Every structure is written in structure tokens, then in C-alpha cells.
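In what follows, subunit A forms one complex with subunit B and a second complex with subunit C.
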Partner chain A sequence: MDIRAQVSMVFHLDKCIGCHTCSIACKNIWTDRKGTEYMWWNNVETKPGTGYPTTWEDQDKYKGGWVKDGDRLRLRLQGRTEGLGNIFFNPNLPTIDDYYEPWTYQYDELFNAPEGDDQPTARPISLITGKPMDIEAGPNWDDDLGGSPIYASNDVNLEKLTEHEREQLNEVERLVFFYLPRICNHCLNPSCVAACPSGAIYKRGEDGIVLISQEKCRAWRMCVSGCPYKKTYYNWATGKSEKCILCYPRLETGQAPACFHSCVGRIRYLGLLLYDADRIQETALADEADLVMAQRRIIQDPFDPLVIHAAKANGITDQQIAAAQNSPSYKFVKKWGIALPLHPEFRTLPMLFYVPPMLPVLGKMKDGIYDSSAVEGMGQMLNSLEKARIPVRYMASLFSAGNEEIIREVYRKNIAVRLFKRAQRVKDISAAEAQEALEIGKTTAEEAEAIFNLTSLPTMEERFVIPAFAREEAIEQSLDPYTHKPAAGFGYREAPARRW
Partner chain B sequence: MTGDQSSGHCKRRHFLRIAFRRVPLAYVVAAAAFAMIPAYVTGAAQADQGSTVFATKCAACHTIGKGKSVGPDLKGITTTEDPGWLARWIAAPSALVKAGDPTAMRLVKQYPLQMPDLGLSSGDVDAVLAYVAQQSGSARAHVKGPLAPVAAPPPGDAGVGRELFVGGARFHNGGPPCMSCHSISGIGALGGGTLGPDLTDAYRKYGGDAGLASFLTSVPTPTMSAVWSKQPMTPQEIANLTGFVKEGAVSERPLGAIGKLALLAVIALVIIVLIGALYWRRRLLGVRIPLVARANMLFNRKYARRS
Partner chain C sequence: MSNTFLWAVFPYIAVALCVFGGLYRYFHDRFSFSSQSSQFLENRMAFWGSTMWHYAIILILIPHVLGFLVPGAWAALIADQTRLYVMEVTGLALAVMATLGLAILIVRRLSNARAQSVTSVMDWVLLGALGLQVVMGFWIAFFYRWGSEWYLHTSVPWLVSLVNFNPQIQYVTAMPLPVKIHMLNAFVILALFPFTRLVHIVTLPLPYLFRPYQVVIWNRKRNVPYDAPTGVASIGPDVPYLRRG
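Presenting the complex of A and B:
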């Protein structure tokens, strides 16, 4: 047993209101520099939709992640020889147009334009060429199903649906969407790290945050192709790749990352997980249907004395163990089992988990008026899975590598919590019915209460359980902490120069 | 032509030091010269040493009283030219050429080959001058053994010479094929190496059979002597090569060859570019633009059908 600590995240999609506050918080802190204008380390996508960059989930095109090859894992991108052949000419990159061409506006013309008959306008100016441009796309161009015949209907996950199911999604009365905020998953088995020919990407030992060294990066951009989530980006001004750093300078000082801190819907949770690093390979090699369960299995019980002992032997501090015991991620992912990894079939073992959104059921129209009574009653609620406007299969394609049973389980439990609370508060459901729902959802009154509390009424301290990172201990083998402290930060110590 | 040669020469100067260090013969001569100076101060003794130097270093291109070869006939040169100038010229011709010395420039213009820097010590220079003076005095006085390599060369086979030149046959004593440093017309479109001069016109420049044979026997240039002094060519090989070089002088360099080569290069380039384009064809194929185009096309088709 090789117990390590991982900062892990949970996004509760039922609560996301699609306000993009998280993206803006991130942009203002990290990516408003030259060369990073097009990057959104945090972005919020509408599902169904093609996302950012366009159809990033399509690995036939982008070649991200791992493929199971017998009892071995292999990068989908390339082997060593192919990597050498492609090293000066990486063929699997998104173009700037697949992200979008970033722009600003000529605001000063609003004030400085000479007097005339027409209102002055602020023309859009490309942040890449500096010339006026026509805006054709943006990072959330298909927000709220905008342009859905183009974008939403090309969602890669729809391929798993039948023709009939797909048509239904386009019916006016059935149109439905939800938001999917995305950051780097700080994977346990990151393919960005494996794809880098320079060895510039590393996973921090003490917290599992995945970082790109701005000194070692040599601009091969294999990580951009290698990451199936397209969460590393190439900075064309510095010639280095960059990615979400999980605001580690904030974490190290006890603050939640900016996107977590600013989240309006309070959908974001962050806490430590203890996992067994010896089992990473076995987990990443699990059968497709078993991937989610395997990922739950690799996460260890922080109350188990054996695990605690092994953790201490690996230098994990008492504070970190206490944080892991208190971790909202541990509860959502392992204890309650209602948070799922995004696209586990990429086999990078992502450490960002999503509680899937409740699926709105199809209402009935009575004389042109929406009839809410049609969805009343427990039976209706539990049956709603079959009537959901987004098919379970779609959710399974997103969150369980196609295993629909896992999705059903999660939904049954979430519905049970709702019915349980409804019986308590609204009292239009009998206690017996609520009890039955709990049984169907394989949960108990206590657990339902706990889920409800952490979902709806959590305090800041419950959402973000951030231990002291003991960074000084982590670095002291290689660097005097007093030397490190005033010298650390984002960026490079030497200006990057091209040397031929 | 002259400019070419002097620049080639500058390059070769670089080899000089190395060549000098590597060639024991040069060492022996230089050391012997130094050792001899205090002991034999008389002209005769010097001339004796000079004969050795002349045979190994000068005879390939010069005669004393036997007429012009690659270089001028040296008979009486010690009386017609300023001895100081002569000494400087023999010691380092390239230095004088570089300095733009008028006599040196005239020589360079007049003769096909610029005299190479031979790496002679001042003792050698004095000795060889003494020897030339002595030989000039008695025009009939004949020179000792090695001085006459031209004596009845065996008849050469140009075909075998060609094989030796292009490396199809080995030199008996080892040594690289000529083609590794030289080019000549008549060995195909790609030609040979460019370290040494092109030998198409060498037969005329080096004074025909006798001149070439003596050049190849004594290999006076520093670069060549570094290569050949320890593994000399046999007289038969020299004759064969001379035969081939002689033919080379008359055989036309096929004009079409250059065109053919250029054509081959263009075809190869096109093939490489095509393979690259095929192999990397997926790169820079955007996703979004085709997506939008396809959706628009479908929409238009549907709309057109309905209306």
C-alpha cells in the first residue's frame, strides 16, 4: 500500500446556474497575459453542445488519453517512434479557430470619435493580429443551446443515442440542457504528463496537483494533444504550455481556488482524498463498465487505521489525514457514491467528480397550459428516469463510460433524498412512501439528511476543507524553505528565448 | 580561375599545420636539415641536402634545365631573381600572394596551379636554393636517382584507372579512391568530392604523362602528401590513373547530366512533400468551420426542398 494525498474536487451540477463567474475569476487572475487570451483554464459548457475547443470529446480527432491494449495502457496519441517522427510537427492540435480567435473592442473610439450623424461604435479587434475582425465564435458560443442545429446536434455523446432519441431532443417541448463547468482534473494517471517529450509536466507529491514547468517546457505541445480534456494550452507569446494550477498559491495559504471561491451557485467542493498509488495501473486498466467502481476502490478509507499508518509512513501529516476524514469529496465520491468522473473511459483517472443534474421530466400540456400536476407523486418521481428528457444513456456516455446502471443508482439515491425531504417539508408524500423511496435509493434517513445538508446548506468550511499543505516539508529535501519562500511564483526565472 | 585557386588554397593552409605534424617525412627532412646546418656549412654539403628536398618536394612540378612543366624551369633562377624574394616565396608562396606581391601575382596568372606552401624550414630553403644554383651551373650535371620518376612509365589502362578513381578497385597500398576528394568529367552526373580541385583539365595543367606521373609519385601538396606519403601508389597505378585523367580531359562532361540531376531532385522533393502532406494530413484541419459549413449546407438543402 502506497498511500498518497490528492486534492480532489466535486462539482454539483444541479446547482450550476451557468453564470461563468468562475471563468472570469480565473481569467482575471491567471490568463489575462499576452499569449493567453484564448485560454480558459476554467470554462463552462452547455450540454448537449460541442464545448471548448469544439468537440473536444472526439478522441478520433484529438487523440487524447489512454487506450487499453491487452494488459497495457498506451497513449492514444503516439508511441515513441511516432512521437519522434512528429516532434517538429504535431499533427493532432486544435486550431485557434477550434478554440476561438480572442478579441477586444476599440473602446476609445466611443469617446474620441469626431462628431457626426452616426453613433460611434467600438469595432472588435483581434487580440492575435491586432486588426479589426468579424467575430465568428467564442469560448461559449453555443451557450444555452445557441446555434443548436450546428453545435448541440454535433455533441459527441449523442452518437450513443438512437435516431429517435436524438430527434426528440430537438422537439420544442423537450428541449433541455444543463451546464458543465470544467477545469483540469488533476488526474491520477495524467496522459498530459506521459505525452510530454521534455518531462516538463509533473504531479506534485504532496497534493497531486499537475503542473507544467515553465523552464523545462520546450513547446512540443504534445500535452495539448495528449490531454483528452484539452486542458493544457499553448502560450504563443512565451512559447510554453500552461494549464490550470488549481490556484496552488491560494491553496498553500488556506484559500480555495478562485473559481471555487467565487462560484455563485456554490456548486464546488474541494477536499483531500487518500488513494493507493500502487493500484493506479490496475485501476486505469479496468474494464469499461467497471471504471467508475475501480476509481472508487482506489480511494481509501481515511478512518481505517491501516490506511492512516501507511499514510503517515509516506510523510502525510496528521492535519492532512484529518482533512481527508473531513473531506466533502470523500463523502460525495466514495461514501455516498453520487459523484462521478467525467469520461472515465479516457483512463486518466480524473480527480474532479460531478454530481449529475436532476433530469427534468416531460411536462404535460393541458389546453396549451403546462400541467404541473402531471409530475406529482412519488411514483412519478421515481419513474421520471425513464421519462427524462435527456436519456440516461447520454449521462452514461458522459459520466460512466456507458454503464447505465451506475447512473440509475446515482439518480435513485438523489431522487430518494428529494422525496425524503419533501415528505418532511411539503408533507404531500407519506412517510411510508418516503421510506420506500429511501430503500429503492439504497440509502438511509441519516444519509439522506447528510446529503441534503452538504448539498443545500453547506458553509464555506464544509465546502472547502483545505489542510495546511506543509509545502516547506515537501521541498526541504531539495531546497532551503527560506530560500524558496521569497523566490517562488508563477512564471519563469529566465525570459524564454529561442536558441538555435 | 586564379581566384578560385587561391581561395581553395587558403582552405588548404588550414591543413598545413596538421599535415606537417602528421608527416614523418617532413619531420625527418626538417630535422635533418637543422642537424646538418652547423656541420656542413659549405655550399656543396648544402646542395647535397638540397637534392633530397628537391626530389621530394619540387621535382613534381619543376625541372632544372629540362623545360617548363607544371611550374617554370628553375635553371638560372638564383641569378635572375632576388635571392631574398626567392627564399620568401619558397618558404610560403601563399603569404606573398596574399600580400599582393607583383612577381607572385604574375606567376599566379601565368601558371595553371599556384605553388603550394610546402612547409620547408629556412634550412631546407637555403639548401634547395644552393642545389638549384649548383645544378644550373652545370646544366649537364645529372641528378641522383629519385629525381627522374619520368623514366619510361609503364603503359596505363584508362579503364583500370577509372576503377581506381571511383573506388571500384582498391589501391595496392591502401589509400582512398580519388573520387572521395576530386571530381572529373566522365564519372557520372553526381561527380566526386570537392575537397580537391576538379581534375577534368588536369592532364594539360600538370604537363601531360610525365608531369602527372611525377606529381603522383612525389605528391607535393600538403593535403595529398598527408594521405599518400605512407601508402604511395604503385607506378602501374599511376600510369593507369594518368591514362584515365588523360581521357577525362577529352571526354565531354555530359551537359544533360545536370538537367537530369535537377529533375531527379525536383521529383524527390515532390515525393517527400506528398508523403509529408499525406502523413500529417489531419493537422490544421479545423473542426468548427467544417461543422458550421456542413450544418449550413444541410439546412439549405432542406429549405430548398421544401420551398
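Presenting the complex of A and C:
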């Protein structure tokens, strides 16, 4: 047993309102520099949709993540020697057009225009070339299903749906969608790390945050291709790859990452998980249908004396163990089993988990009017699972590598919690019915209460359980990260600029 | 002066610049110690240009280096007429490939606005020097046949004499102009090494072939019970920051 600690995140999708506050918080702190304008370390995409960069989930195109090859794992991208062979040209690199060309406007033309009959206009100027450009795409071009015939219908997760299901989705396309906020998953088996020829990307031993050393990065760009979530980005101005750093300077001073802190829907949770590093390979090699369960199994019980003992032997502090015992991630992911990894079939063992949105059919369109009066009793609610407007199969394609039963289990439990609380508060469901719902959802009154509390009423301290962290040496040397950052980005010692 | 300077002094200056400049940059400006790829901004021409250029130029450089390092073995290799012939033809073909690849890269940086925006003055200087070098190389291969043979009796003894700190410039001073340009420009390129993206040559990540896939770095030393070390920042009530062991 090799017990290590991992900062792990949970996003509760039922609560996300798609306001993009998280993305802006991140951008203002980390990616407002030249070369990073196009990067959104935190982005929120509309599902169904093609996401950012466009169709990032399509690994036939981008070749990210791992493939199970008998009893071995290999990078879908390339073998090691092949990697060196591709060093002069990376054949699977997305280009700026797969994201979008960043731009600004010639605002001064608005102010300096001579008086005339026409309203002056501010032309868009490319932030790469500095020349006028035609805007063809931008961040969240398909927000809220905008342009869905082009975007949403190209979502790769729709491929697994039947013709009928797809039609169904289309019928209500103006009604149903949900938001999927994404950051780097700080994976246990990161393929970005494995793909980097320079060994510049590393996982911090103490907390599992995945970082790119800006001094070791040699611009081979293999991580950009290797990460199946497309969460490392190439800074074209400095010739270095950059990625979400989980705001480690904030974490190290006891604050939640900026996107977590600013989240309007309060959908974000952060806490430690203890896991057994000896079992990473075995977990990543699990059968597709078993991946979610395998990932739950590798997470260890922080109350188990054996685990605590092994953790201490590995230098994990008492504080960290206490934080792991109190961790909201542990509850959502392992104890309650209602948070699932995004695309576990990429086999990187992502450590960001999602509570899938329920989107139950509680009403329907009747003559152009949304009619929800039909909801009565618990039958409707429980049935809503089968009639869910976004088919269970779609959710399974996103969150359980196709295992629909896992999605159903999560839904049954979440619906049970709702019915249980509804029986208590609205009182239009009998106690017996609520009890039956709890049984169907394989949960208990206490658990339902706890899920309800952490879902709906959590305080800041309950959402973010942050133990004392070991500080990154880089920042340690350069003192206060907030004074340091405007001068040097997050490179250290010297400004991240090229003189040659 | 000129001959002595060009053939007996300048090469030393160039090599010194290359070595000491390179070391200086490695230790003091490691951030920029790479080639700043622009494939992300322009993909299609980068493929043809970069692949053709790199593979061709590496294959061309190998015989250049072999002839210098193991002239005896090289002479034996080309003693056979057919082998010499094959060598010359391959060399010519590779020269065409390298020239074409470099031409594409130059056109790319000239014509593509995005690629242009990440091109520095030193990039142009380097492209110019490399362009001159391959064009001259091609010229020599075409008009002064059997270079694999005469190289052994002209440039190689001169290079060897340079290594022995006893420059014998008579081996090269009578060479035709294109050959002279080719030889001198080679040293110019060496001198440019630390000041351009050429430094990426020595960053070939061979350890990748042997290292484990995953890289984990511990900020604190593991498994060692520790007391709060003196003079080190402490961030929590009882978690002292530790140096890496």
C-alpha cells in the first residue's frame, strides 16, 4: 500500500447556471498575458455541444489519453520512439483554429473618428497578427445551444444514441441542455505527463496537482495532443505549454482556487482523497464497464486505521488526514457514489468528478406552452428517469464509459433525496412513499439528509476543505505570488519572455 | 591578415562563442532554451518544411561528421566506385530535399501572417545563414563532384590541424570560392548557435526512452521525521516547509 493524498474536485451540475463567472475569475488571474488570450483553463461548455476546443472528445481526431492494449496501457498518441520521431512535427496537434483566434477591437477608432454622418465602428483586430480579421469563432460560440445544427449535432456523445433518441433530443432542442464546466482533472494517471518527452510535466507528490515546469518545457507540444481533455495549452508567444495550476498559490495559503471561490451556483467542492498509488495501473486497466467502480475502489477510506497508518508512514500529516476525513469529495464520490468522472474511458483516472444533472421531464410542451401542472406524487418523479429529456445513454457516454446502470443508480438516489425532502417540506408525498423512494434509491434517511445538506446548504468551509499544503519551491523562491505574478506570470525567477 | 584570420583565428572564435555562449544561455536563460514552435499557428506548410528540412539535414550532417571523425573508415567505404556513386547521388538528393524544406520554411514565415508574428530578427539571420549553407552545399555537390572523396584531403586535414592547435591553412586557401563560403559559413552557424533557436539541437530528449511514464516530484522529503528547519518559512500552524532532500 502506497497511500498518497490528492486534491479532488466535485462539480454538481444540477446547480451550474452557466454564468461563466468561474472562467472570468481564472482568466483575470492567470491567462491575461500575451499568448494565453485564447486559453480558458476553466471553460464552461453547453451540452450537447462540441465544446472547446471543437470536438475535443473525439479521440480518433485528437489521439488523447490511454488505450488498453491487452494487459498494458499505451498512449493513444504514440509510442516513445515514435514520439521522438514526431519531434519535428507533431501530427496530432490541434491548431489555433480548433480553439479560436483571439481578438480585440480598435476602440480608439470610436473616440477619434471625425464627425460624420455614419456611426464609427471598431474593427476586430487579431491578437496574434495585430491585423484586422474576420471573426469566425470565439469562446463559447455555441453557448446555450447557439447554432446547434452546426455545433450540438456534432457532439460525439450523440453517436451512441439511437435514431429515435436523437430525434427526441432534437425535438426539444430549444428546451434542454446543461452546462459542463471543465478544468484540468489533475489525473492520477495523467497522459499529459506521460506524453512529455522533456519530463517537464509532473505531479506534486504531496497533493497530486499537475504542473508544467516552464524551464524544462521545450515546446514539443506532445502534452497538448496527449491530454484527452485538451487541458494543456500551447502558449505560442513564449513557446511553452501551460495548464490549470489549480491556483496552487491560493491553495497553499488556505484559499480555494479562484474558479471555486467565485462560483455563483456554488456547484464546486474541493477536498482531499487518499488513494493507493500501487493500484494506479490496475485501476486504469479495468474493463470499460468497471472503470467507475475501479476508480471508486482505488480511493481509500480515511477512517480505516490501516490506511491512516500507511498514510502517516508516507509523510501525510495529521492535518491532511483530518481534511481527507472531512472531504466533500470523499462523500460525493465514494461514500454516496453520486459523483462520476468525466469520460473515464480515457483511462487517465481524472480527479474531478461530476454529479450528473437530472433534467427530469416534469412537464412538457403543449401547444407551445410549457406545462408542468402534471407533476403529482412520486410516480412521476421516479418515472422521469426513464423519460429523461437527455437520454441516460448520453449521460453514460459522458460519465461512465457507457455503463448505464451506474447513471441510473445515481439518478435513483438523487431522486430519492428530492422525494424525501419533498415529503418533509411540501408534504404532498406520504412518508411511506418517501420511504419506498429511499429504498429504491438504495439510501437512508440520514444519508439523504446529508446529501441534501451538502448539496443545497453548504457553507464555504464545508465546500472547500483545504489542509495546509506543502509549498511549491518555485513560488517559495520568488516570494509573494501576487507580487510576482504580474511581473513574471507563473514562471519563476525570470520573466517568461524570450530574448532570442 | 585575411587568410590567417579567416582560417586560423575565426574558427576558434566561433567555437568559443558556441561553447561558452551556449553554456551561459543554458544556465542563465533556460526559459528560452528551445525552438519556439509555430506549428500551432500554421500547420500545413510546417509539416512539409519542417519534416523535409530536419530529416534531410540530419542525414547530410552524418557523413560530414564521419569524414572528420573517422577519415580512414570513410575512405575505405567510398573506395568502391559503386558505393561512392550511391553516396554522391544520395547526397545530391538530400541536398535538394533540405533546400526545398528550408525554402518552404522561409516562404512560410514570409507569407503567413501568424507565423510572421512569432519570427524574430535572429530567426531571419539564422534562416539566411542556413539558406546560404544549403545552397552552397548543393552547388558544390553539383559542380564539384566527388566531394566525399576530396573532402578527406582538404577540409578534413585542415579541421584536424585546428583541433591540434596547429592550423594548416594551406589545405583550404586554394579552394574554389563556393567551397570556401561553405566552410566559413559553417563556422558562422556555429557562432550563431547560442544566439538563435539552434540551441534546440542539444535538447533532444533521449531520456524519454528510458524514464517511467509518470513523473512525481515531492516538495518535501518523504518518510523522514523532521524538525522545523531554521530560517524556512512556515505556512501552517505545524507544517514547516522542507527543502527537497
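Observations
Quick note on the criterion: the second predicted complex is superposed on the first by the 459 of 500 C-alpha atoms of A that agree within 3 Å, B and C clash if a C-alpha of one lies under 4 Å from a C-alpha of the other, contacts with A are read in each partner's own complex, and residues count from 1 in each chain.
One rule holds in what follows: contacts are C-beta pairs under 8 Å (C-beta built on N, C-alpha and C of every residue); 3 or more make two chains touch, one makes a residue touch a chain.
Computed from a prediction, not measured in an experiment: that's the story for all the values here.
Subunit B and subunit C, once both complexes are superposed via subunit A, clash.
Judged by the touch definition given at the top, the superposed model places A:Gly138 against neither subunit B nor subunit C. In the superposition on chain A, A:Pro197 makes contact with subunit C only, while subunit B stays out of contact range. Of the two partner chains, subunit B and subunit C are each touched by A:Leu93.
Set against each other, subunit B and subunit C touch different numbers of residues in subunit A, with C touching more. When both complexes are overlaid on chain A, the residue A:Glu206 reaches subunit C alone and has no touch with subunit B. When both complexes are overlaid on chain A, the residue A:Pro124 reaches neither subunit B nor subunit C. In the superposition on chain A, contact of A:Ile150 is made with subunit B only, not with subunit C. Contacts of A:Gln319 after superposition on the shared chain: subunit C is touched, whereas subunit B is not.
Of the two partner chains, subunit B is the only one that A:Pro53 touches; subunit C does not reach it. The clash between subunit B and subunit C in the overlaid arrangement falls on one stretch of those listed (3-11, 111-119 or 201-209), that is 3-11. Common to the subunit B-facing and subunit C-facing surfaces of subunit A are residues 89-91, 93-95. Every residue of subunit A that touches subunit B in the complex is listed here, in rising order: 50, 53-55, 58, 61, 85-86, 89-95, 97-98, 137, 149-151, 153-154. Per the touch definition, subunit A reaches subunit C in the complex via residues 80-81, 83-84, 87-91, 93-96, 128-131, 189-190, 193-194, 196-199, 201-206, 214-215, 217-221, 224, 234, 236-240, 252-253, 280, 313-315, 317, 319, 467-473, 476, 491, 494, 496-500. Interface residues of subunit B facing subunit A in the complex, by the touch rule stated above, are 279-284, 286-289, 291-292, 295-296, 299.
Listed in rising order, the residues of subunit C touching subunit A in the complex are 25, 29-43, 46-47, 50-51, 53-55, 113-114, 116-118, 120, 122, 195-197, 200, 203-209, 211, 213-224, 233, 235-239, 241-242, 244.
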